[in-house]
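Each chain gets a letter, A, B and C, in the order it is written, and its residues are counted from 1.
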Amino acid sequence: MWTLPPSDTVLHLLSYVALTAQAMTAALAAGRRSMDWAGVCMLGCITALGGGTIRDVLLGHYPLVWVQNPFYLGLTAVAAFVTILIARLVHRLNLAFLVLDAIGLVVFTMAGCDVAMQVGASLTIVIVAGMITGCAGGVLRDILCNDVPLLFRSELYASVAVATGLFYTTTFGFSLNHEVWTALTFVFGLTLRLLAIRFKWEMPKFVFSGDPR
Amino acid sequence: MWTLPPSDTVLHLLSYVALTAQAMTAALAAGRRSMDWAGVCMLGCITALGGGTIRDVLLGHYPLVWVQNPFYLGLTAVAAFVTILIARLVHRLNLAFLVLDAIGLVVFTMAGCDVAMQVGASLTIVIVAGMITGCAGGVLRDILCNDVPLLFRSELYASVAVATGLFYTTTFGFSLNHEVWTALTFVFGLTLRLLAIRFKWEMPKFVFSGDPR
Amino acid sequence: MWTLPPSDTVLHLLSYVALTAQAMTAALAAGRRSMDWAGVCMLGCITALGGGTIRDVLLGHYPLVWVQNPFYLGLTAVAAFVTILIARLVHRLNLAFLVLDAIGLVVFTMAGCDVAMQVGASLTIVIVAGMITGCAGGVLRDILCNDVPLLFRSELYASVAVATGLFYTTTFGFSLNHEVWTALTFVFGLTLRLLAIRFKWEMPKFVFSGDPR
């Protein structure tokens, strides 16, 4: 008899794919700033693992994932390094990477919610932890590249994480099978993000030009 | 018989006012960078709650205030969001917000000193913890807005926090009523900051133009 | 009979020298941004102590060094302040400061490895902890000065830390005297860094000019 692999295994594999994709797009950002090879690898690690790290530091949830399992450091550093060799290809596969990044956003958000639930955080904090896990790595990348974080300015991204977290945490209100709900959340979040990219859904911007002080 | 409310309650209420004010001025800074609505709310939360968060992470003092009491997140996010609607008004009330921000500086500094005393830190660290609580949120705001932190360049701010902390911690040397001393510290710190704004008291600047390396 | 002082004492003294040197060069960076005196002192403290702080926060290793021993704060703040008075001299002694900074890189890397070994981290994490201790302070300095971190762009620095950490940790494979091995690591790391400066050894750069998105 054939059975589906458990959703946790699938999520685990997807998270590897997403970490790789985030490290690779961070490497392109590093290349735009002419960083050296070591800097490229570091920026890849920081971008891909930074969201989970900030979440764990804020929740006091030790040891950090990559401290316990340094394989993550190796994976993201290698992914960033390989990008140096195949930069043109990665750039041309822009669309594929947008999809992989969207997968990462959703998978990391769910993982962040899981961690916060484990430490018994309240519902609000569960959703915030999911959002931080999904988004904060990109904020670190932009700070290190000396940009105003894209997160604060571009299409729905943090909002997708929040919506995904909300959808995911309602699992407790219903007595649904965990596998089913995980899959539903994944499809919901990914669809939302891809629609946001496709139709350039953006939050309204707040443009204010008064002088400071 | 009429009694004064206990100073802790007053400080608590003042801290809500100050959190709101800091989130609102951060929202204006976000508007100057054309951030979207989600970014405005996030920058409001990070600016208002960032100082206490950095202090607690550095002292290993968990759980963080806003993790334990997510109401703070809601308050600052809503304050930032409302600012989008009334930006002109907030900008015109610049002076009132400077006063509210000064109240925040003093109240947060005292709260930071209290936390460090509770964990048994030494006198120096108590004052540093107060300063971090009062000032670090604004540093995070400026980093995320891609500016050199104002804190390092403008009128007495960190120095007011240090003076306030010094004044506050001497309470242990005297056998004064805690309420009285809290009130005195508040008046002292607020006066110092308002005088610094009014008369543009600045630290001397260190201007150095040698080439790096 | 004359004996050598134990290596730990020597390293301890060298680390004071290195902290002072890093605070002083950070003060020059602050001067290039026209920071005020308080900002100069803060940037000195953050640069000199930031690497160890980030390491300890990531490893959950509390209390932080400077919280337990605030003397470090005083030392680095005073060093930064004194730099304001003797900026020209410090700038002219550029070469000496490069050597002192290199000593700091090696000493801090070894200290970071020691801390990670004490908490029982794996070999990879020991080396990463050493690298963070040696390098992250400078990254914080560049972020606060609103620059793309030099670490990611200039001569071998992080790589020297990694090589030093690798060399240092192999001590466990051999049954060598700890003193001897510490001294050998110090000479190895320092030589590597000074050669990198002298001959402008750089990592290859990754220059990529594709548009984002």
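In the analysis below, a contact is a pair of C-beta atoms (placed from the backbone, for glycine too) under 8 Å apart; a residue touches a chain by one contact, two chains touch by 3 or more.
Because the structure is a prediction, the values reported are computed rather than measured.
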| item | value |
| --- | --- |
| Shared interface partners, meaning chains that touch chain A and chain B | C |
| Same or different contact residues where chain C meets its copy chain B, judged by the half mark | different |
| For chain B paired with chain C, centre-to-centre distance based on mean C-alpha positions, whole Å | 31 |
| Chain B, residues touching no fewer than two other chains | 57, 60, 143, 146 |
| Touch list for chain C against partner chain A, complex | 57-60, 121-122, 124-125, 128, 139, 143, 146-149, 151-154, 158-159, 202-210, 212-213 |
| Residue ranges of chain A in contact with chain C within the complex | 27-40, 42-43, 53, 57, 60, 62-64, 67, 70, 73-74, 84, 87-88, 91, 94, 143-146 |
